[in-house]
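Following this message is one structure expressed as structure tokens.
First chain written, first letter: the chains are A, B, C and D, and each begins at residue 1.
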């Protein structure tokens, strides 16, 4: 029993589970197409990384490693920022194309070009129009 | 000068980081003046990078003592974070400053709408600050954070035009970047689990060949290869770089991709150096040849100016992969690779800027319909051609010197008795011909007989900056000795 | 015996986590996937507690599950309204064969094609297997705990994680704040704020609940911020809780968001990084180096930075929830 | 190290500077452009004259900047480089005048003259290069600068020719590049030394040196139009006449030939080249090219095509002379560098005059042209006879020395080749001459030039006529005054004496 508990110490099984989560997220990322699902898959991969890190921090005797915990905290905040931005992109893409999946391949040669340096591209003029009404 | 330089150096390094961050924050808080902050700030940052490089060269006569490490907040590693400056990062900092300055000046003309200016400049300044910090970072976890700073701001800039292609390209770019970052982070975590430190120099001292190092090397390299668009993980590059606004494409192809490559190089010269085997080198080299052929073929087929340039980035990065087996035979060859990357970045950025000017004039960038604009805009075509010559590796340009050094390294492997060296040499030499093919596709219509049409008026910045940067790319041919000397000031590197 | 119980707990928790993650990624209904993901986040928080990381557990619950969950849910809401609008724009389009659920088409992902199954599974198994192998070979490295412990007395705070975050590795934390800000700048650059989809006016329950909840959230946030210097807590957790309160407020009054004037808003968003860097530059000029504090001043400076950071994080999270840039920013 | 190096730089800059300035001139600034063109070429002539005197005095001129660790960018002036530099400078001046007249009123002249100046800068750079790497740099630059000239007209035919030209020259450039890098790895980035700098390598790395020699010959041979690498040359004839003149007489083919001379004499050295059996191989290739070019020239009716194939044949005389690797052969080859240049440029100018004035492109249309344009026809006759090698014209001097050189080197069969080639030359050059003087024109001339720019005082525009007469006179004098001091022959003898250190040697 003692032996089993040692073998299944948190310092070992949590990192293992973290690695599995990472692989699982990778699998989901490859398989799924809806962008929200892909973002979830990336988040799960990220959680896997944090689990490995915290599991490692909890290894051995003594209190856990505060540096590893601080890094995890940083990582979580970075992940939520990236997720928020990614979701904003998904909404934008869906608004343009009507679908929350990526366009296949590179843009074709006849897709319209919107050159922000041109005169006709002037959101501020548009803005003025809207607000005069 | 020589006496004071070593003492001044840490202050100058911290100062550079603080300066680039302060500019970004200032532009964020005061968006109405962001373009002025960015324009003047670009000049100041460039000046301070040049000052830093002068200090660095004055301070570091011996290669072994040349790396300057600055403990942030006064906390030395392993507890704290260290900034790390050596010849390699110095070279790339200067490159970043030059391309960054050119891009900033160009953007003064390119982003004209008052509302878009407010969005563009803060993001661009964050991107630049992120690149500077990436190059100066000496800590594995901090590298992950700086990579995220770079990729988030880069993605936002890619989506800037707001077309379906641009947003979709940005989306793909973001997913790929997050995946790459996570893979990199997992590698960092594994290394931390084994050795309990994050500082790269300390890690290098502690690594030996073991399962952790192998797996970490695979994860980190794969993550960075995704970000650097190295073959076969390049599929995101053309959609993203091809549909971003021109100055952004210039920075992405010139600096961001190079930054990821810099990290790969740094890791394989540092902690992972013992893991490299000849078979691994040959595998990477073969990937490089494939990238060269595939990228060039796509560039020869693509119908849009910016797509051609984007695919040429895939092709040119093939050389960087080909350089890996050369480095295994002659470790000194790493300097050649860096020099090549520098020269490529300069040339590629100016090609993108020139393409942006032409697209602005024409309102589209379909090569087949561009003849009239090309014939009327001699100055821009000249810039395109000059930078193109550098990409082909013909004299008098930086590309020629880089190609010379690559060929020298390639022939060196043959002389060292490696038969596969013949393949590398043929690829290095033949790649220039392929480059000539796609550069001609862009330039040749200017020489056709036909009508001329200057298209929409172009601001002086957009007219002259591409030419200026192309001249710099060409003049880099005379910077070979200085660059190689700076690179020798990298301790730990062969 | 208690060891055995803990092992059983660990195993059940981890199997549960993996199961939830699997169900989440396998579901074809996005709403279901998001709910499962939020559950996953809460279970993770439990795991962090088990790994003696209460700070992270707090952060995971507030940020990982709470804020991310809110962001995901509002995204689904937006996607749905976009599809509804597009349908309304093209009434001639033949009815979707999917039937009455056509509206939900944007929130539905068909099961992936069979042919990617084997390659994806193999790839994931190889990557996971290699990582597990590497991890099992690792020694129990000492880590940096002793080094941190040694320097606690000069760090200015009593809680090791806060010491690492705001003193020893302040640069990372600074950049982390910057990333939150950049994400917002990115979201703002995509377009202006567009209103949340119209909903029936909220009944009396939501505003009433809010009136109770928001003050509680603010008090909790401030407490957690203050506690951070000596116990689990700190700027990020506090910011997330305050941000959650803000999101609730936004939800309660979706129709009339205040037109925030540009300058103060931007100043508030950037206050954390700006103050952090300003203090850091002073540190560079007077001695300890960039982002360093004179030991005697460490505690007050850290508190100042934390307050500013909390404010900025809360504001930024709310702004990220709203997503588009406020119209006032363009003026 | 930079003794008098500024002079060499100034010579380069005298065409590079005006060239770059011309690029950015608006099309209508005719006066300023002409001033820059003529000023640049005039300055270059003066500077080269100064340099010539200095080298004659025995002064050393040397300029170097480090390019890479251990590899320098070296400019140097020895007698051989001056031979080529002087030829280029003189002919550039003449061609510039001719081109200004020829292109009068045509579009995109700024671009044309910009690249034209760049082209001559590259050529002079090749002449003044002090080592192989510098030579390579200018050699590739020449490729790039001539391409826009070839495609200048912008017609589909011109673009096709341009593509072919680039395909040939860039590919060969890469072969050359690789070879030079390899050679530098083996032997270091040495400066050119008469007699070569390979030293012991000939015994230790025999195979490598042989392979390298073939690669170098491929690299230079494409520009020198050695068979079978010549096919770009006749097709590139679509370019405007001054470009063809420049390509054929001065810049491109001569650059190739000059490169071969440098490699054989100053890198490998005649001795090593003989020892390794490389020279003999080169003699064979040159002989084949001489005969092949002449035969092809016979088969075409287009005047410029015929001149092009004649170039293929004639340039190989230079290669032949050098490959014979004895003093007399080398004299023959080097002097032909000059003589072929002035003779061929005369012929091209004449062809350009015919085409521009009367719209004549084919030999069959030449009947009676001697009466309408006697001066041009006279120049053409002088050039043609010179090419055939009749005494006392320039070509004779060449063939005489080549023959002697062949005997000296025990290549008796080469004499037969020379005789056959002389007969073939006569066979393809005499018909146009005979038609021009003795033929009779039945229909009125199609006055192409007069229609476009009004009546002219002479038989054609003076800016077309005078340069033609000038070079014709040169080709006559080159033969007549061969014995005088400072004639090309005298100078070449000086080169051979100095560089081959044969005391008391007199031809």
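Note that in this section a residue touches a chain if its C-beta (ideal position, glycine included) is under 8 Å from a C-beta of that chain, and two chains touch if they have at least 3 such contacts.
The structure displayed is predicted, hence computed values, not measured ones.
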Going by the average position of its CA atoms, which chain sits the greatest distance from chain D? C
Using only alpha carbons, which chain's centroid is the nearest to the whole structure's centroid? B
With centres defined as the mean C-alpha position, give me the chain A-chain B separation in Å. 25
Determine the centre-to-centre distance between chain A and chain D, using the mean Cα coordinates as centres, and give it in whole Å. 65
Chain centre separation (chain B, chain C; CA means) in Å: 31
Once you find the CA centre of chain B and the CA centre of chain D, what distance in Å lies between them? 43
For chain B, jot down the residues that touch at least 2 other chains. 115, 141, 145, 148, 152, 155-156, 159-160, 162, 167, 186, 190, 192-193
So which bits of chain C are touching at least two other chains? 131, 135, 138, 141-144, 148, 168-169, 172, 176, 179, 182-183, 186, 190-191, 330
For chain D, which residues are shared contacts with two or more other chains? none
Based on which chains are in contact, what kind of graph results: line, ring, star, complete or other? other
What pairs of chains are touching here? A-B, A-C, B-C, B-D
Tell me, which parts of chain D touch chain B in their complex? 23-24, 65-69, 111, 133, 136-138, 140-141, 143-144, 148, 151-155, 159, 162-163, 166, 170-171, 173-175, 177-178, 181-182, 184-185
Residue numbers on chain B that touch chain D, as the complex places them: 378-379, 382, 389, 392, 394-396, 400-401, 403-405, 407-408, 411-412, 415, 425, 429-430, 432-433, 436, 440, 444, 447-450, 477-478, 480-481, 484-485
In the complex, chain B touches chain A at residues 109-116, 141, 145, 148, 152, 155-156, 159-172, 174-175, 178-179, 182, 185-186, 189-190, 192-193, 198, 238-239, 242-243, 245-246, 302-304, 307, 356, 359-360, 363-366, 456, 462
What part of chain C is in contact with chain A in the complex they form? 3-4, 6-7, 10-11, 14, 17-18, 21-22, 24-26, 30, 33-34, 37, 40, 44, 47-48, 50-53, 55-56, 59-60, 63-64, 67-68, 71-72, 75-76, 78-79, 82-83, 86, 106, 108-109, 112, 116-117, 119-121, 123-125, 127-128, 131-132, 135-136, 138, 140-145, 148, 160-161, 163-165, 168-169, 172-173, 176, 179-180, 182-184, 186-187, 190-191, 236, 317, 320-321, 323, 330
Going by the contact rule at the top, pick out the chain C residues touching chain B in the complex. 130-131, 133-135, 137-139, 141-144, 147-148, 151, 167-172, 175-176, 178-179, 181-183, 185-186, 188-191, 262-263, 266-267, 269-270, 273-274, 277, 280-281, 283-284, 287-293, 325, 329-330
